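In what follows, chain A forms one complex with chain B and a second complex with chain C.
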Partner chain A sequence: MNPIIELKNVFKNYGDKQVLKGINLTINAGQIIGYIGSNGAGKSTTVKILCGLIADYEGTVTVAGINLSDNPIEAKRKIGYIPELAELYDVLTPMEFLSLMGELYDLPTDIATDRIIKMLTAFGLENNIHQRMDTFSKGMKQKVLIISGLLHNPDIIILDEPLSGLDANSVIIVKDLISKLAKDGKTIFYCSHMMDVVEKVSDRIIFINEGMVIADGSFLELQQQQGNESLEKIFALMTAKEGSNQAASAIMQAFDSQ
Partner chain B sequence: MINRFFLGIALLPAALYSRMGVNIKHLKAILKAKLVMDDRRPSSLQQTKQKTKNKSIKMATLFTMLMMALLGLFFNIPFFIVADPITQFTLYFSFFITILAFTIISDFTSVLIDIRDNYIILPKPVNDTTVLLSRLLHIVIHTSKLVISLNIAGIITVFLLKGFYGAAILIFLIPFATLFTIFLINALYILVLKITTPEKFKALINYFQIAFAILIFGVYQLVPRLIEKASLQAYAIPEKSWGILAPPYWFAAAWKVFYGGGSLYLIAVTILSILMPILSVWLVVKYLAPTFNQKLTLITGSDQGEQTIKTEHKGLAFKRKGLAEKLAALFTQKGSERMGFLFTWKMIGRSRDYKMKTFPSIGYLMVYFFVILFRNKDLLSTDKLRDSSNLGTKILLLTIIYMLGFTILQAMSNLKQSDKYKAAWIYFITPIQEPGNIISGAVKATIAIFFLPLAIALIILSVAFIGWNIIPNLLLGISNQLLICFFVAYISMREFPFARTATNKGTGFIRGLFSLIFPVTLGILHYFIYNFIPVVLLLALLSLIGTWLIAGSIKRRDWNSVQSEYRE
Partner chain C sequence: MISKIISHEWLQWRRDSRLKWLAIFLVVISAFALWHQINFQSTLLKKRLKAQEDSRQEWLSQELKHPHMAAHFGNYAYKKPTLLHCFDPGLTIYTGTSVYMEPHKQNDFLFSQSQESDTGIRFGWLSPAMICQLILPLLIILLSFNSINGEYEKGTMALLISQGANFRSVLIAKTASVFLFFEGFITLYLLVTAYCSAVYLGTVIDIYAVLYIWIVYSLYCFIWSLSGVLVSSLIKSSGTSIALLLLLWMFTNIILPRGSANIAENMHPLITNQQFKQLLTASIDKGIDGHDPKNERAKKIEKELLLQYKVDSVQQLPFNFEGFIMQQSEAYSSKVYDHHFNQLFTTLKQQKKIQSLFGIISPYISLRNISMAAANASLETEIDFQQQAEHYRRSFVQNMNNDMKDNSAYGSFKTYRVRKDKYASIGDLQVQNRTMQWSIPTLFIEHISLLLWVLFLMILLFISNQKKVYN
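Moving on to the complex of A and B:
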């Protein structure tokens, strides 16, 4: 099977600081990848490289057989990106914003409009289609962002904390959607701190720590390696410089000075 | 309509763009969205007003263009009061370059440093040339809107006074002056980014917006009063003088040379007016823009990560007693009152929302202050000021003293509102026994920030120019200001600071009217007893006692008398 995403010896520096120290990954189509790392581990940098936000890296990145450095435009057509922060032009209405997205992905206007209406309706935003988003809650903006990443029906979907701010029903919708997209042959690259969700939705989990991949396998495989623990515990065991228990103890000790 | 026109013009060379590798469909879509966003983004002039009304902005382009066209009318004044054409056009281009630079800095910088493009446009299959050209055309369209509006009145005036040829030369020179202004702005950005952090750069832009709003108001109020027609009529900037150092003079000289010839010196200056903008564009493209883009990455990156952590760490490591802590120790009691003081002090200093609402209003008051001084400049001689029987001097002094009090009333009226009003939950989950203490601390912090420096300056200046005998009246004036502040706080501050939405109606009409009548009444009473020093001193004492009593009742305010939108 041809890999849909391939990273070979990817390095990235910010000034003197090396953020990625030789990442090697091969991801096949239809997989749901849970990409996990603590703050500053290099998770966001990997995502930004995959999405074409960072171009000056060392190594080779291939997306759907296209070298990202050689042909970033074609590679970007294959990817749908849903960023962590609700970064959108919120003085626009969802229809205006998503139409712009449709244009940039070269979707025919009628198809884009049809999809926008259907997707907004599915998320319960049918009454807000022509309302400016600066009045929206974080969850409503997140829903628009999710639609913007799916609108062009991409082969690869990169989600960076997609459940942030969503209400309970929408969380269920997104989780179901992820499973359905994967069944449809889409590749999902899912970054999150919400381990319980990652544990449930991912069929392959990758831990990144200090710019390096430190674990790669299914949840069951990780459990076999690290003892029959939850994903949260496994992550803590593999990444924490001091155990989480020690950190909690240190917090408790702060009361002793009284 | 206007945007469609500019978009059409910008896309006229579409064939050329295509040959450069630009995707026209993408370019059009991006520009269209950007222009719609411009239309919904308030300008500095709208921003200071809009914040209080919290209404969605529509047709900001039209508003800005109309405002700029009105402002452009002021540029024409030199054509009617000065005879020498070089002086006329030097003043004209000075106004134009200043206002254009201020407008671009205050209104467009936020667009230039907007990081959302990185997340929205860059991950899409849009090529770099298209993204670059869309940015460039966006800047060109924005600048064109301003330049056309600012100069329309000038072009018509020059056409009527100097004929078609004169107007044509002006039209020819305006783009050169514009290019030079853009160079100045870019150089300023680089300079500011060199001497300060990217985070402070953003804050500085806010101050620029505030300064711009005050400048416009000041120009409107002061310029017509400052013009002394007779003395300006005969004034002409001498040739081979300081004029060469002022870029507007180059463009004025160029106009003169093209219109009716000039000396060799003027021809040399004309060459400068053409060469310098071209050279400046080269400098911008070659050196300044790339440096700016590098710095821009820092600005966009400064929102997250390391920079913030470093600052916080530094803050913890080097924490020492600042002015706020010292004043808090002086004016407040330990506990929740001091917490209210320090919290309000920090919020006033850091809240963009508060600053954008309050500082322009205070700036406008200051402009009025100077207008009053200017109107009464005859009274400002030391002899007249020292003469306590002079009616005019008495009125002027009292007006100044009582006007200063309005600055703090203005500051206090915005104290309750905040965009982050939901953060007021902290008051309700903590075991505060007397919520009035927090309100009292907040009022005292507002007085310390907005009134204390003015009162100190007033005392120093009054003693210097009038003498020690002004002290009793100053004492009464200042104690009355404190009485007014605490009284207004007593009737209107029934909420915690920064705990209400801007849309809430707030203080009622009657309370608002009373807040206005009370200072005016005290001012009039003060006028009648101005020369009876023992009475003045006695009333100052009574006023201070009144202030102390009212401050005490604010502090004792309990949970039943505290209102909150948060709880409603």
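Moving on to the complex of A and C:
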């Protein structure tokens, strides 16, 4: 099977700080990848490289057989990116904003409009199609963001904390959507701190810590390696310098000294 | 893709109520500036035409006098407004558009504030050119200061870049959206000004001048659009970028023009009007006094004439010696005048050159000089007007003195009168307005400066595009 995403020896520095230290990943089509790391581990940097937001990295990144450095625009057309709570163009309506996104992907207007209406309706925003987004709640904006990433029917969907701000019903919709998209042959690259969700939806989990991949396998495989623990525990065991319990105690001690 | 981002940007502006107020402000202030200039110029033109007519009638109907005395009646030279005069009154705010001409007195209008400019001095600064030169960059700054870093701050740049756009397209689109918006304004404003000028002032339509000034103002607008987007792409915080852009505006549009004028004045100081007059008087006094043929120079001329005509007295000369000596005196004072005025013009041109060189670091200075030249109101065109007037004055006075020399007898100063048709034979000065082509050779530094600014900013923007995608 041809890999749909391939990262070979990817390094990235911010000034003197090396954020990625030689990432190697091969992801096949139809997989749901849970990409997990603590703050500053290099998770967001990997995502930004894949989405073409960072160009000055070392190594090779291939998306659907297209070298990202050589043809970023073409590669990006294969990807749908759903960031965590980006501010939208608040003065626009969802229809105007999503139409722009459709135009950026060169989607024919009639197809884009049809998809926008159907997706907004699916998320319960059918009455807000022509309403300015500066009146929208955090969750409503997140729904619009999710639609913008899916609008062009991409082969790869990268989600960066997509459930942030969503209400319970919408979380269920997104989880179901992820499963259905995967069944449809889409590749899902899912970054989240919400371990229980990752545990349930992912068929492959990658841990990244200090710019390196430290674990890669299915949840069952990880459990076999680390004992029958939850994903959260496994993550803590593999990444925390101190146990979480110890960290919490240290915080409480800070109050005691007053 | 670029056009899509531009239309999206404009859609956002339309929705932004702050920008609506900005647009209203721009339209109101522009309309007022245009109305003020049209009103001021048309009132001035009406007064001038009436004064010209009245003065002509007075000239024609004056009693028959001795030609030299008639010459002292004087004559006026009026500069006709050009199509772009309402757009940019330039130096005429200070120099005026009319000069009075009489024997022995060369006009020194370059020194003084115009008599007609009571209103012009007080409100003359509010011209369409001033709006485009000073206010427009501020509005461009307000629309562009967060064009790139604002997208980063909101997180929307990630959306644009990840969803098919590339950073270069975003940079081009952001620059173009600001530029085209104000370009539309400049185009419309120039056309309306030219139309009003042609209708209300009856000026000759000069398409080349309008086209030329449109290109130059477009370049200026492009420079500020590029600057706004460039600073916004280089500086992470939009708060810092607006502060930096406002400082740049203050430096290039307020501090440098005044600073360069002070430096030019210090390097090539200009004497005062009073000093200049004293200098002229002293130089003439050392030479011939037209009303005193007994001084040394007059005696020398008298001696040479007597020898040349082999006669014993000036009464025996075949022409009136008084008329001859009057013209010699006029010629000598003209020589003195040319000498000192050439020095003055040289100083003014040296000052102007220094200011032009400062245009390399301030596009405002370059634009201002070009704009004044296109409107026939630059230093060079004012000097040219002064020289046309002086040339006419000399031929007018010479004409009257020759009449005295050729038609009257020596000693008949009090009794000789010109013929009745003499007054009508002397026409008014038809001042020739200079075309844009005439001024272009004087604006080499200004043109180079504006082009260098565009090139420099485009290179910087290109480098910014190379270095930064999304961090």
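Just so it is clear, the second predicted complex is superposed on the first by the 253 of 258 C-alpha atoms of A that agree within 3 Å, B and C clash if a C-alpha of one lies under 4 Å from a C-alpha of the other, contacts with A are read in each partner's own complex, and residues count from 1 in each chain.
We take it that a residue touches a chain if its C-beta (ideal position, glycine included) is under 8 Å from a C-beta of that chain, and two chains touch if they have at least 3 such contacts.
Here the structure is a predicted model, which means the values were calculated and not measured.
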Clash-or-fit label for the pair chain B, chain C on chain A: clash
Partner chain(s) touched by A:37 [first = chain B, second = chain C, both, neither]: neither
Touching partner for A:83 - first (chain B), second (chain C), both, neither: both
Which superposed partner A:211 touches (first chain B, second chain C, both, neither): neither
Chain B versus chain C as contact partner of A:132, first or second or both or neither: both
Partner chain(s) touched by A:56 [first = chain B, second = chain C, both, neither]: second
On chain A, positions contacted by chain B and by chain C: 51-53, 73, 76-77, 79, 81, 83, 85, 87-89, 91-92, 96, 100-101, 103-106, 132
Contacting residues of chain A [partner chain C, same complex]: 14, 48, 51-56, 72-73, 76-77, 79, 81, 83, 85-89, 91-92, 96, 100-101, 103-106, 132, 145, 148-149, 152
Chain B - residues contacting chain A, complex: 25-26, 29-30, 32-33, 36-37, 40-41, 56, 115-116, 118-127, 305
Chain A-touching residues of chain C, taken from the complex the two chains share: 1, 4, 8, 11-12, 15-16, 154-156, 158-166, 469-471
Touching residues (chain side chain A, partner chain B) in the complex: 40, 51-53, 73-74, 76-77, 79, 81, 83, 85, 87-89, 91-92, 96-97, 100-101, 103-106, 132, 134-135
